[in-house]
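Next come two complexes built around chain A: one with chain B, the other with chain C.
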Partner chain A sequence: MIRFLVTSSIRRRLVFQLSIMAALLSIVFFVAVRSVAEQAAADTQDNILAASATSIADALYSERGQVRVELPYSALSMLGTISEDRVFYRIVADGETVTGYDDLAVPKADQGQRAALFVTEQYRGEEVRVVSIARAVSNGVRAADVRIVIAQTRRGLAQISSQITTNAMAVAIGFFLMATALSLLAAQSAVAPVKKLAESVTRRGPKDLRPVISKTPGELVPLVDALNNFMMRLRASLTRSEEFIAEAAHRVRTPLATVRTQAEVVHRQMEKPENRKALREMIRAVDESSRSAGQLLDHAMVTFRTDQLEQDEINLATLADETCDRLQPTAELKDIEIVRTFSKEPATIFGDRILMQNAVRNILDNAIKYSPAESVITVRVENSSDQAVLSVIDQGRGFGDADLGKLTSRFSRGSNVDDIVGSGLGLTIADEVMQAHGGQLHIEPNKEGVGACVMLIFDRSL
Partner chain B sequence: MRNANIRSLFVGILLLLGLGSISYAFEIEEQKRYSGANAQQSLSILSTADIAVFEPIILAFQRANPTININYVTSGSTEVMKAIYKEQAQFDLVISSAMDLQTKLANDGFALDYSSEATNALPDWARWRNQVFGFTQEPAVMVISEASFEGLEVPRTRQELIETLRENPERFSGRVGTYDVRTSGLGYLFATQDSRNTESFWRLTEVMGRLDAQLYCCSGGMISDVASGKLALAYNVLGSYAASQIEGRDGLRIVPLDDFVGVMMRTAIIPVGANNPDAAGRFIDFLVRLGQHPELSESTGLPSIVDQPLPAGTVMRPIRLGPGLLVFLDQLRRETFVRSWASSIEQ
Partner chain C sequence: MRFLLVEDNLQLAKALKERFALEGHVVDHAEDLSDAMTSTSTVAYDLILLDIMLPDGDGRSFLKTHRGKAERTPVIVLTARSEVSDRVGLLDLGADDYITKPFDFAELEARCRAVLRRQGGSVNNAREFADLVFDPTTGSLKVSGEERGLRNRELRLLEVFFGSPGQIFSKTYLMDRLFSFDEDVSENAIEVYVGRLRKKLEGSQARIETVRGLGYRMIQQS
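Now for the complex of A and B:
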């Protein structure tokens, strides 16, 4: 039970506890109503019995020294008004039965007690309520001690009580059900802010470490504060490590550039082919390291900027145009022609210009890098009512049988890269930029023949 | 007394026929056995209703329940009471016109509970404790011979009756009949209820006493004496009997008195010690559904229970079942009542 209470949801706990309370209240209510009503019913019977006995007492008289009574019609008929119970009576004067049922016992009363006396006893096989009152009737010489005893069975009382029990039970059950339903509602509304908070935190992107500012009830403020505090520290530590990486990459890049220049100079002076080969490999390794450092720096920059994304208005066609211009020289080295096909109406999106440039540069860089000389690369910008798409299509080696889903993870490179320099971060950067903008990076083989097709897709509905 | 003769004659006949095989300690009037077509069980009924009146009901019941033999014994209501209360006579069903005595039997624990769809359909006032079941509603009326009232206004109320009797002593002397409340349970019931309902009851009794009223045990005798011209009027006769006996006779008239008409219910109970309470229950069901057999009401003259509120301003005074009926059965009360009545009627 305790375990259950600790691990079960707050809502279930609340409902459980409230229901138990409602059940207890219902039981208390039931018992109270029943006992009050039964007491009232029993009192009613007692009152009528007393009234009946009194009316008989008033009809006592003495005649020639004998106590006599003229039983009033109403004395017994009133007993028949509330129930169909059997009625017995006996009138005794100085121990002698005047009239009535001889075998009806006279309850023992204190001498001189005039108030009605009530007892419950067995008579003729049934439980009866008995009232007894005492009167003194003077017969001229002395006063006779007269007792009037009236008994009535309690069948009507039992009936009333069972009816009351049924009604009280029905009301108690109704009360319990209603209270339970209300407690369900109450619990629901009590935990609603928690749910809302949880949802708002869950809905956030993986990099969104901004503090929670939604309004929460007082009880949740410490939790929200703690959460915000924690996120702040997390963010600080992330920033620190990114800064560290950027710093490290930067520090590595500069000396590498020096090493490369030196190595080139030495390479030119070398004559022995094995020495030249060793140096070429050295230069390649340096290139690779330098590329890695550069990409790491970019990646750190992406991570940093996604935190506080700028919302510039960006025309995808303009962006693509600029990037193409930038990489034109590289393409020309391989005699690659870049064909630009842009939609007529401007494909406008909102986002961080620098990050977008970085993404587009990376995919165009890939296309040039993995295409053979004298091939054609198409950069296309399409705009429709629900999407804006920038695609880069080349006629290169394509992705082969690489797992397309894995190419976007860090440092992952395809198996067909041969000796092309790369770090495996380009698509990672593009992917993260797209995610930060609510768009998506889509990779597929070129549908028109060989090559690859990489698309940046922005859904307008979002 | 006339009826005593008839009674002993009947008993004699029954004994001769060998039908009175069981002898009872109380006085019986008539007894008749009705064999069912394929009888497997028997039902013995003790009743205050004459065989002649009740036979159509018994036969109709037996047609519906051919497996039941019926032994029908009749007696006066006081004797019926005595049979059950004092002698524990063995009967399955007791039918009586004396509601008070039936109520006392039930109150004092001599009746069995019974309930069925039929009895539950009865109005509340027609049953008590699921032990006493009313199945007829019969008014107490006055029967007059029209010839005796020639030249006189027929009285419409008890007050007018008193005046008419007072003003014409020579015409009515010895020619007024009523129940002897000392011997007739039903007469006692009607008289005590009258005394409750009207101030004029005692004055009427007084006037009748002065006119040397004739006293009867049963409605039948009174009505035939009115028919024969021996009586000018019979007071407090069962309307149902009167209606069936008057039929076809000229010069008789039923006069309900307009100040009030006492209405009594014929009731049935199953006494404790009944051998066949199931069959008795079936008979009760049949009785309380008498309304569904209008031809039986017709032939017996017994009006069935009608579950209808009495119209406002009605003169009908139904006698209510309940402990109130025990009051006049109190020894002292009865003693006083009978004493006053006797001193009024016998002058």
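Now for the complex of A and C:
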């Protein structure tokens, strides 16, 4: 595995940033709501205080040069409507307390100011809101300067304020949580195309070099382009090597064919046993190199085709039948009988016809090559609900004590076949074809006596 | 039989001609497609052996024209190309069979035989000796009109004897005809097949005679 520097994920970064934003917004919201609400509550108290003071002012009159007041009941009761707060009042005319609490300070007001004046101050150990209005009351001689001062404790306001704070806090936290959840969703959906792209690349087989064509968001286009470009180059280089192998095999085979045929002609005319032996060895060597060339080429073709596996509907019995027909003349040369046992219902699989033909031919070819003259090779196609199996059973020498698992690796051959021409690629090719088709190649000794049984197994559950 | 070999590699063509001559077949050689066209229009061949890569074109186009003319002469393609990609196309184009270079001559011969046999009956190759009627193409052997089944090696052995009745064939020669190069068999193995062939010929006037120290020959019993 190649190591590379992993920075924190885009998703985590997005969620983190969006959450910070949400938190900031929540705080701003909380502060704004609280200050607006508190202001509103304070304004309400001020308004009532002012109204109360005004109604007292309206009840002022003078009697015998004295300023008098008859406190209207409503003036103080309206103050009780907003809370259970204590109320203090004082009415001062020209500096003399007319009625009320003597120690309640009169806020200093500019001369002639008629509007209500509000202050907040400490009174008897408690914070109070104080309103003061000035009125001139004529006592017949002159206008007396009357001040009406009403103070109210702020306990109710504090209570309202704490309630508002609690509510605003709850709303802010709710907002924060919701925003975070939404940011998670948003991050998820923003990262989804990247994930999908990664999956579509990961899901591929090791040899799948087709360009990526899944839907791509604009931001990822350069990445996908680069990826496709890279795969195209890789593929081109693969194709070049395959063409090279094909060309090499072609160049090697034609002269080999000439050498072989000439050697056969000379062999026929030779009489001395040592010359004949030498020629036989020469022909075998030619066979060996041509077979290797052929199978290397087959191998290259198989590798190439598994890249873009076609999905033809293949009837295994028909395929086996054709392959048997094709190899019948070769088998006949050794009087080998090929017995075909095919299941009645068609064993249909999906795959690349040419690859499958090649796999089956390689196996049957092997069986013929390693079988003694006048033996029987059984080609069987079985079909069940969960499997389709094509088996080639011979009465040859089997695979000796070679590791059955290793036989499918490149250039590996049975432990008892040194006297027969072969490259060891036949089973490898068949195995690769099976892997590309999601099936498996299974090798076991022939249950009915000597020989081997090679099975191509296709699981239907896949 | 008369074959046409279309092959641009002269050495290979020469070697093949010689090899076929050893089996008693006449082979005409065409170097390229135009040559092949001329030959097929003047001579009726039993079989055409066709190389695919030729100097003046692709053997496949010859195949197409050939089949287009509704010619029935069977064609076996000799290819040096891919074992995988070429073959399907070749058979689709109307080749009767194909063989990949380099090939075992015995296999080529076997394929020729198979193709001719499939062609069936159009050419009568039956030969007679004593009370035997033998058709090497179909593998049919009749003893006084009675059909005797032959296995492949028995057939090929009988074919050798029929090729030249009365001639003595050495064990070595017969071995060459019957066994492939990667089969290691002793010369005695040939006795087994001669024995079987004798059994198939039982009741006939013809018989295989052992000539001590020299080999075997087919003679007519007096």
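As a working rule, the second predicted complex is superposed on the first by the 321 of 462 C-alpha atoms of A that agree within 3 Å, B and C clash if a C-alpha of one lies under 4 Å from a C-alpha of the other, contacts with A are read in each partner's own complex, and residues count from 1 in each chain.
Keep this in mind: a residue touches a chain if its C-beta (ideal position, glycine included) is under 8 Å from a C-beta of that chain, and two chains touch if they have at least 3 such contacts.
The structure presented is a predicted model; accordingly, all values stated were derived computationally and were not measured.
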Partner chain in contact with A:A151 - chain B first, chain C second, else both or neither: neither
Touching partner for A:I354 - first (chain B), second (chain C), both, neither: second
Touching partner for A:R68 - first (chain B), second (chain C), both, neither: first
Partner chain(s) touched by A:I160 [first = chain B, second = chain C, both, neither]: neither
Touched partner set for A:L441, first chain B, second chain C, both or neither: neither
Partner contacting more residues of chain A (chain B vs chain C): C
Chain B versus chain C as contact partner of A:G125, first or second or both or neither: first
First, second, both or neither for A:V98, with chain B first and chain C second: first
Shared chain A contacts, counted only where both chain B and chain C touch the same residue: none
Residues on chain A engaged by chain B in the complex (per definition of touch): 68-77, 79-80, 84-88, 98-100, 124-126, 155
Chain A to chain C touching residues, read off their complex: 246, 249-250, 253-254, 256-262, 264-265, 267-268, 271, 276, 280, 283-284, 286-287, 290, 294-295, 297-298, 301-302, 305, 326, 328-330, 332-335, 353-355, 357-358, 369, 373-374, 419-421
Parts of chain B lying in touch with chain A, wherever the complex brings them together: 106-109, 128-129, 196, 320, 322-324, 326-328, 330-333, 336
Of all residues in chain C, those that touch chain A in their complex: 9, 11-12, 15-16, 18-19, 22, 53, 78, 80-85, 88, 97, 100-107, 110-111, 113-114, 151-153, 172-173, 176, 180-184
